[in-house]
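Okay, so chain A shows up in both of these, paired with chain B first and chain C after.
Up next is the complex of A and B:
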């Protein structure tokens, strides 16, 4: 159990900046997920925390102590790899025992025959044995201890990798996309299992994934990374409800948030193609801005109410809900919104529908993509041709 | 009714097609089969038959003498000298060439610096024709003018032995030349083996506490190289047993059979003294030896496969 601090960490490979002065605080016992598209630097960050790679600048601190100069062994961290990285020639038992053997026995004592002659080895071996069995018991691996990794299923290998990480009770667990090699069904199962493990161990987890569902379902904290920077660190709920950056809003949530480009009018309202959103922003008049609506915050307008009109392109029935893709005049990309099946019963492609926008849930972003508040709550959508430019 | 009439016809067509497939299968395998028969199996068979005769090249008579040749071999001091020399030569070359090849491969893999350069340099001897290179080695190892002895004399003030004419040194000199060539070949094989080890395993080993290179080598590299190691040892042993060209080009087995080896002895008995039957008997022993090595190693490989 420990807290982790990352202080202005930078890493450059050639001319490409992989990490641009990244800072992050992971509180004791947190489940921090680093999520972002591939190539955003999240795996590099994890490797620097573990000591497998060295930073160009900045510091890594565990419990306030700098560990930047320490070998991975001395940082007291454990790591789970996407490929599991189990030693193929060793049994499950031996794999789990490795971190203990390497730490508690000297090279000589580890040798097959010579080791038996070294004084004290037997007692250490006994302690290792009981630790390995306790861990195996916890992960339901006891039946599999004599098997080799090739004889295990993906999920079992995953559990062995977790066992090898858990067995010596490290300060911090680092996990690098540990579920990516599993099939969809098993992934859901292991997601729950890892989250449960975190609760039971009460240890600090740093978890890297590109899968937003994993990030949202397992973590206590989510850090969204993009292009070598951390854009936002927050609880999963707040990351979704109050994205600090338009890139966060677009990355988290499936289907993607609908973004309408707009321009701030003199009266503070926002003009988007085809209609105006009334409400005061504090952004300078005439500046570019965007407004985002999540698919569940757009619905059909009530009959007789003036509303932006869109043409339905197609409907996707998933069972409990229907995703509607519709084009709005003047907007390049189609909008996506979510309806209950009964609402979509009479709709077909090519239909004209009025859009009901849930204005209380509008996300406003300034020209740089940073979140900006509406100073006065948005009150209405004014349909009609509004030209700008 | 119609079905009943069709059935035998269909079965016939089916049989004909199956027969056609068998025929074309044999047809495709035929060229390789003929070549194997003509180049390997029949010559081996002929050698087996000759081994129990007193046949001499060009002789008009041939007589069956049973195991006479083998009985003679048992008491042939030159044969035993060649036999022992081959074993000693192999014991000198195999560990050295295998470990050096592994060492060079590890060094090359360890750092990206100059990787292509060193790989090429170490592989160059493999591409060289050994008979031609033997001439170069003859110069290098010359007792007075050779590079080695010149160097020994000028730098250390030691007068080196005559590497290729001294009975105490000739075998090791030949072994050295073999190692010089075989190391590059083994290196390439080990490099391929090293490439196949996932880098995640090394990362895992570091996090697990293998902070020294030797720990990581024992935990990851050595076990992963098992199959490669077996193959390299097998191929180096076989090549070692088959040493001929350097002996023929540099020493002709001399001085006084100090560098005589099995294959060279067979060649001399068969093609210099024309004792074809006798040479064939030696070939059988040579063949048995090689088969034994191959069987031991294939057997241990299969056992390893089964265990993992």
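Up next is the complex of A and C:
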């Protein structure tokens, strides 16, 4: 159990900056997920924490102590890899025992014959055996201890990889996309299992994924990374509800948030294609801004009420909900919004519908894509315009 | 059953017959000397040069030939020499090639590409080019006519380095990373993680190494004078230097005995041989 501090880490490969002065604090016992599209630097960051790669600049601290100069094995971290990276020629038992044997037995004691003669070896071996069996028990691997990795299913290999990490009770667990090689059903199962394991061990986890569902469901903290920078660190709920950057808003949430580009008018209202959203912003007059609506915050306008009008392109019935893709005049990309099945019953592609925007949930971003406050409105609709009072 | 099922016997098309004929002719050309040698090993001296091509002898002289082969020269000694030399060469080749290949495939250091290029160039240089400088060097060191002279020139195999490097490159980096985090040192990663994972490559390489050095005549012929140190092919030559001139019957019998271990090994591990050649994509 330990806290982890990353202090202005930089890494450049050739001319390409992979990490641009990244700082991050992972509190003791947190489940921190680094999430971002591929190539955003999250795996590199994890490798630098583990010591498998070296940073150009900056520091990694565990419990306040710098470990930047330490070899991976001395950092007291354990790592779980996407391909599981089990030793193919060793049994499950040996795979789990390896980190203990290498740490607790001196080189001489590990030798096949000589080792038996070394004093104290037997006691250490016994302790290793009981630790391996306890871990295997916890992960329900006891029946599989004599098998080789090739004889295991993906989920079982994943559990062995977890066991090998857990067995020596490291300060920090690092996981690099450990679920990406599993099929969808098993992934859901292992998601819950890893989250449960985290609670049970109470250890600090740093988990890398490109899958926002994994990030949202398992973590206590989420760090969204893009282009070598951490854009926001927050709880999963706040990442979703209050994205600090338009890129975070667009990355988290499926289907994607709808973004309408606009311009700030003199009276502080925001002109977007086809209509105007009145309200007080603190953005300079004439500047570019965008406003985002999540699919669940757009619905159909009530009959007889003036509202922005859109043409339905197609409807996706998923069962419990219907996703509607509609085009809004003057807007390049289609809008996506979510309806209950009964609301969509009489809709068909090509229909004209009025959009009811839940303005209280609008996300406003300035020209640089940073979140800007949008004063809570009392909405008022004036012929074709949605107006804030 | 679909028409393309491979289980269905193929038709004797013109193309197929041609292919089989060409392959059979090739096989016959390859096998002919061996068959002739086997047949000669069963014939009395007079019959070998009789001019008629008979595969089976009119008078069976096999027992005499093979007894002479085993008694006239210390054939057992030649075989033991062959085993010692082949094992020695293979041991050192693996000992040196595996760490080199690991460094070339899984670590980053300045000059790595240049060194690998040198390994590739090394593949192009046959032993015949370096034979004379090596001979002079061994002569100056006073090491001619020793096991060292037989083993040392082959202890570092660029082919081995190349073959292992190609195979190690396919081992996932994550496995090496996991080993580093688990606490293996680089040296133990090589022997405890990479080598066991690359066992098929080692087998393939061992096959190439052992066949070529068991059958090698050129180098032992240069550096070995005493009969006690001769590996099998050189030993067979001693039958020629006999007081009775070239005595083909016992000589062929000795050749058969010397070839037998490899043939037996091939028959026992046919699949491995073929896998090895497929794996390396090269013929030694």
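One rule holds in what follows: the second predicted complex is superposed on the first by the 376 of 389 C-alpha atoms of A that agree within 3 Å, B and C clash if a C-alpha of one lies under 4 Å from a C-alpha of the other, contacts with A are read in each partner's own complex, and residues count from 1 in each chain.
Just so it is clear, contacts are C-beta pairs under 8 Å (C-beta built on N, C-alpha and C of every residue); 3 or more make two chains touch, one makes a residue touch a chain.
For clarity, every value in this text was computed on a predicted model and none was experimentally measured.
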Counting touched residues of chain A, say whether chain B or chain C comes out ahead. B
Determine, under the contact definition given at the top, whether A:364 touches first (chain B), second (chain C), both, or neither. neither
In the superposed arrangement, does A:164 touch chain B (first), chain C (second), both or neither? both
With both complexes overlaid on chain A, does A:78 touch chain B (first), chain C (second), both or neither? both
Taking the superposition on A as described, I'd like to know which of chain B and chain C A:150 touches: first, second, both or neither. first
Per the contact definition in the header, classify A:172: touching chain B only (first), chain C only (second), both, or neither. neither
Residues on chain A touched by both chain B and chain C 47, 50, 52, 71-73, 77-79, 81-83, 85, 87-89, 98-99, 102-103, 164
Any idea which chain A residues touch chain B in the complex? 47, 50-52, 71-74, 77-79, 81-83, 85-89, 98-99, 102-103, 107, 148, 150, 164
Chain A-touching residues of chain B, taken from the complex the two chains share: 198, 200-201, 203-211, 214-215, 219-220, 223-224, 226, 308
Per the touch rule, the chain C residues reaching chain A in their complex are 172, 174-175, 177-184, 193, 196-197, 199
Listed in rising order, chain A residues that touch chain C in their complex are 47, 50, 52, 71-73, 77-79, 81-83, 85, 87-89, 98-99, 102-103, 164
